[in-house]
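One structure follows; several queries about it will come next.
Per-chain numbering from 1; labels A, B, C and D assigned in written order.
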Amino acid sequence: MSKSNLTRRGLLKTSAVAGAGVALPTIFTASSAAAYMNEPTGSSVTLGFNVPQSGPYADEGADELRAYELAVEHLNGGGDGGLMNTFSSKELDGNGILGKKVEFVTGDTQTKSDAARASARSMIEKDGAIMITGGSSSGVAVAVQDLCQSAGVIFMAGLTHSNDTTGKDKKANGFRHFFNAYMSGAALAPVLQSLYGSDRKAYHLTADYTWGWTQEESIVAATEALGWETVNTVLTPLAATDFSSYIAPVMNSGADVLVLNHYGGNMVNSLTNAVQFGLREKEVNGKNFEIVVPLYSRLMARGAGENVKGILGSTNWHWSLQDEGSKQFVKSFGEKYGFPPSQAAQTCYAQTLLYADACQRAGTFNPCGVAEALEDFEFDGLGNGPTLYRAADHQCFKDVLVVRGKENPTSEFDLLEVVEVTPAAQVTYEPDHPMFAGGNLGSCNPGS
Amino acid sequence: MDAIILQILNGLDKGSAYALIALGLTLIFGTLGVVNFAHGALFMIGAFCAVTLSRILNLSFEIVDESRTDFLGNPLKFKTTYIETWLGPEMGGTIIEWAVPLAILFSIPIMIAIGFIMERGLIKHFYKRPHADQILVTFGLAIVLQEIIKYFYGANPIPTPAPSALTGSLDFGELLGFQANAVIYPYWRLVYFVFAALIIGGVFAFLQFTTFGMVVRAGMADRETVGLLGINIDRRFTIMFGIAAAVAGLAGVMYAPINSPNYHMGMDFLVLSFVVVVVGGMGSLPGAVLAGFLLGILESFASMNEVKSIFPGIDQIVIYLVAIIILLTRPRGLMGRKGVMED
Amino acid sequence: MGILEVKNVNKRFGGLQALGDVNLSVAENSCHAIIGPNGAGKSTLLNVLVGKLIPDTGSVMFDGQSVLGRKPYEINQMGISRVFQTPEIFGDLSVLENMMIPIFAKRDGSFRMHAIERSDQEKEVVEKAESLLEDLNMVDKRHFHSASMSRGDKRRLEIGMCLAQSPRLLLLDEPTAGMARADTNNTIDLLKQIKDERDITIAIIEHDMHVVFSLAERITVLAQGTPLVEDTPEKIKGHPKVREAYLGEAA
Amino acid sequence: MFGLDKKDTSLLIIVAALTMLAPFLLNPFPAESAMAQFNAGYPDLMQRFVIFGIFAIGFNILFGLTGYLSFGHAAFLGVGSYSAVWMFKLLSMNVVPAILLSVVVAGVFALLIGFVSLRRSGIYFSILTLAFAQMSFNLAYSVLTPITNGETGLQLTLNDPRVLGVSSTADGSIPVTNLFGAEMRATYELALGPWNFQFNTGYYLSAILMLLSFYLAIRIFRSPFGMMLRAVKSNQTRMNYTGLNSRPYALAAFVISGMYAGLAGGLMASMDPLAGAERMQWTASGEVVLMTILGGAGTLIGPVLGAGFIKYFENIFSKINESILHKWFAFMPDGLEDTLIALVYPFIGKGWHLTLGILFMLVVIFLPGGLVEGGQRIGRLFRRKKSDEKSDKSSQSTPAE
């Protein structure tokens, strides 16, 4: 065994005690003397990282996990300290959280709400996790958020873009750093107008499930406000792999813009198919035919390859940003793993730091205290510019990036270029905006 | 009218993939009596043959370009492929670009070898076992194969483009006298359809006109009798399994540019191809082909807005609905022989 | 008036006249054999009798009731049991269980959800099954896996299962086909014993003349789907038409 | 005892003892030890063991006895879950009406699908059930979202119009599922030295229902009805010519197993009030098939073993990550440690599917009768050593155990 404790493995080893569980987790019960769910009594605190490790989003999950491990390393004083150097709040000191060493357990969501809840429950019940974070789809995020609410732990959402997560399904114990479909629409609209004009006819292909619908609704509303006409909206089955029969009629419809409200494998295939059909070389109504993918991720861009070139979309964060926070994060992540982080990695890293900082400021791990510390918290230095964690719906408000597929990528990670950084003010909405109405945060649940 | 032509084209194209997979599946069932749940995985491996060849052709060495920097501020490392250095950028570039068609040649020996190993090493021991056991063992194999691919290639889809000469699309509408852009169709999908037709034709010709094929057909009809004639039917069936694997693999190779291959694409097609086989009639080759095209076209029609506005969600269920109706009205499938698995 | 009356039955398969104007009357408590060369329509006729095929025209009456259009299990419940060319038994079940099932079927009808009672505590049924096995000399094999038995034993069991239902008509389809001589003789002895001991009508379709002449009281000769002649075995043996159509061919 | 013969009684007692003592048996390792990773004695997983046990026992009544291989049984589980959650939303948080409704609804659904699907048999029956289940899944995920809440799954909200009960509790949270006041999620902990045991109300309710289901399954197996079901599997021709109508027998088995699935679904929703559409996907149906065959189709205890085996892998192996491996092998020299981790790593954590796939293959290849056969072989080996002289009576048929 190595004697140096500074090697990467040495760190992993010390952080690995997590798997053994902590003393006496007090589960789902009022019978215990603990003040709140899974109150850490020992010298360590356990976080639960619930990411897709199998299924189509496994690579995204792997990137999230890398970010979490990096965050834990930094919180425990390892590495270069990462974003703790640039974070506007200086409470974190590299000595764990509230002096307790940070440990973690991991689980596999399989991108299924059932499996995700099962693995979250096992982390809470078996390993005594005090906070659950991660995920790569809105269905999973909403389901796990609901579980954490009833179990009495904090949920720091990973990648979830549906309006519902902080809209009709918002929960007092749940917090989202990632942006949402409404923000995508609001950020994209002005760019679409300046690049493609106000007289456009849009054709929507939408994945036939909740996230797809909220995205379609948001984009339709934002583009129609510009004066665009929505020619047609077509729902496509989630299980579809070949989108040819949905794309073929587009050319015939008189539309000159195709909006693909798809994510993951659906998006890769529909975009590939659309480009195959030569849509981008066509001229309709005297204008170049354009394709828009409102929600972009680097992994999807990699999957679609050449086809993303010149295609507009929005994203939460991109590693080419030049602010101090982004540069620091790219450096820490890049030096550890050898390639730049994805937006999923950034949001998960930020969520972990935000949680740790909130505990530190609240002086407790009690979910109610942590929630209070996060609510209306304003911060900067995590890569997204000045950000507000709004109390009314637990949604972060920050700048949104409009990006475009790069024409001449220099590496397999250099696929997108930032077209515009839409300021937070422009994507902010009222908490009772109709697209987000119908939910109720309820009150925070400490579990005991 | 143009919309209908378009959906027929789409249907033929989807149908080509269904038909190719179902053809191998029904061949294995017809000759060996084995329900092979790993057949989708063979299709997936075929697609990854294309990915692998393209990776091999893209093997490269690094040149450091001091004038540019990468994301960490270090000098940018430039990659140049060996092929381009050896054969010149033009020749080398063309070869790299034609990776997918070249992968046809590359994949045939690989797929046949995989087929042989599967049959000799595993399936052979399951001829006399119940279908449920066959399903379980081949399902296990399918999981193992796809997890191996995932381990080496990741879960993300890997773009595998067609040669640029074959990208773009053909304006059918103008050929047929409709307005421009009314019926456009990508060249590669046309290539896929023609390719599928050739493979299907080849398999049929092989079974129809060669002595080997005759023995196999006789074996499908009555295995014991052929065995009694002193013909080594087992060896021929092994070869048949290899051919079925190759057909699935080729279907996968050529499918790679249509949708970026990922490790679970086989599972996506598995259930569907079983439905196709059953609708066509277990063990009937023409049935599998017919059902493949039929379901492909029906699926395309069901995805038309005009149809969906009458039956919301019909495109989600049309294949299953058709399967149920056919099985209830014509239990042996469209072209199944009487008495085969009809009980 | 026989227990089984077949009147003017016709059945065509495409261009082939499988049965043409078949008339047949089987007297109660007799043993009636139907013979004929291959393709004479014996199996088609049998399938009509058990409800598997519906004739184009004609009627089939069993004890005054039509069997046409009824399902095999309904016809069985009317009192017709069938023995198959290759023994059809419940191969996965034990011999005793094989014997119990027809007794349950007789007692409870074609369907009953007796899901809570224990089958091995149905004393009456078990006793009856065991006594029948005793008659068949199979009682020592009652826990055998029935699929693992010899063909002769399977045939014995199948006949026993039919008898367990106390049928009024027993249909036998080439009961000794593919059997060794010793098994054939055992089967003939068993059938003779049954005929002598029980009030039962037996209709037998058979190829093997030895079997037919040892059992049958009346014989119908079928050729090309039509009954050629019907008479006692002695008369049939010497009948010129039969010799020409059937025995001549066999010789 | 209980109207069972001696052998079945002892089997039932053993199973009862195992389930009642599960919180101890599944937590053999002290909470702080490295092996604690393999502890399965926490409420969620214990509940899953018994609930999927019920599902598999029910599936085995159809597949093990009649031989009809349904590839759509997950649909009944899903329908059961949806009914239960709706009951929580509309009527009361008490689990009794919810579970009753889920059993009834799943039974009716099974009657409809079974009536149509049982017109065919063999692989055609499998494809028909698969088609029905996939249709249910696809529709539940998309068009039927108003009823199923689609992708997210049907869950409770603070605005549910609960007729017998309150929409939200005094402190503003959603009320919890209970059995006449006993909360399903309530867990009592027992710390014995370094060990830590959890006793969960929901688990014990599920376990008792599982034992009842198991007992009922034994009764069905041993009844004349069970004999008829085995007759369906063995020879339908003989059955029909013995005056038995095989269709209603198969249909009854289908409906009973559908109701078992509904019970499992209702219990799942009672333990954790969410009903996800993925529960109805064909892979979920495939899972119960695998559980049953893996454990031993047609045997009484096999499906329960198979269910436990698969759920254990899914929940325990998927949670082992690289840092845990480093901890395990930390005592080794560096080079060896790295090599070992590189060798083991592909099979754990995100590679748990690979391990499961390999185990499926190994079991089917070497133990055609599933885990039960493995147990019997070990048992026989043991007995043979004990009494070498005693003659083997293996030629006699052994009734299904």
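Note that contacts are C-beta pairs under 8 Å (C-beta built on N, C-alpha and C of every residue); 3 or more make two chains touch, one makes a residue touch a chain.
Keep in mind that this is a model prediction, so the values were computed, not measured.
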Intersection of contact partners for chain C and chain D: none
Chain pair, most C-beta pairs within the contact cut-off: A-D
Chain nearest the overall Cα centroid: D
Furthest chain, CA centroid comparison against chain B: C
Separation of mean Cα positions, chain D and chain B [Å, integer]: 35
Euclidean distance of C-alpha centroids - chain A vs chain C, Å: 74
Separation of mean Cα positions, chain C and chain B [Å, integer]: 52
Numbers and ranges of chain D residues touching at least 2 other chains: 138, 141-143, 353
Interface hub residues of chain A, defined as touching at least two other chains: 54, 58, 208, 235, 237, 239
Residues of chain B whose C-beta touches two or more other chains: 313, 316
Pairwise chain contacts, counting only pairs that touch as defined: A-B, A-D, B-D, C-D
Residues on chain D engaged by chain B in the complex (per definition of touch): 63, 69, 116, 119-124, 127-128, 130-132, 134-135, 138-139, 141-143, 236, 282-283, 286, 289-290, 293-294, 297, 346, 351, 353-354, 356-361, 364-365, 368
Partner chain A, residues of chain D touching it in the complex: 31-34, 36-37, 39, 42-45, 48, 138, 141-143, 145, 149-153, 155-159, 168, 171-174, 176, 183, 185-189, 191, 196, 198, 200, 272, 274, 276, 278-279, 314-315, 318-324, 326-327, 330-334, 337, 349-350, 352-353
Touching residues (chain side chain A, partner chain B) in the complex: 54-60, 208, 232, 234-237, 239, 241-242, 244-246, 248-249, 251-252, 265, 268-269, 272-273, 276-278, 281-282, 284, 299, 302-307, 319-320, 330-331, 334-335, 340, 410-411, 413-414
Contacting residues of chain C [partner chain D, same complex]: 50, 71-74, 76-77, 81-82, 84, 88-94, 97, 100-102, 104-106, 108-120, 122, 125, 143-146, 148, 158, 161, 165
Footprint of chain C on chain D - complex, ascending: 3-5, 219-220, 222-228, 230-231, 233-235, 237-246, 248-249, 252, 395-397, 399
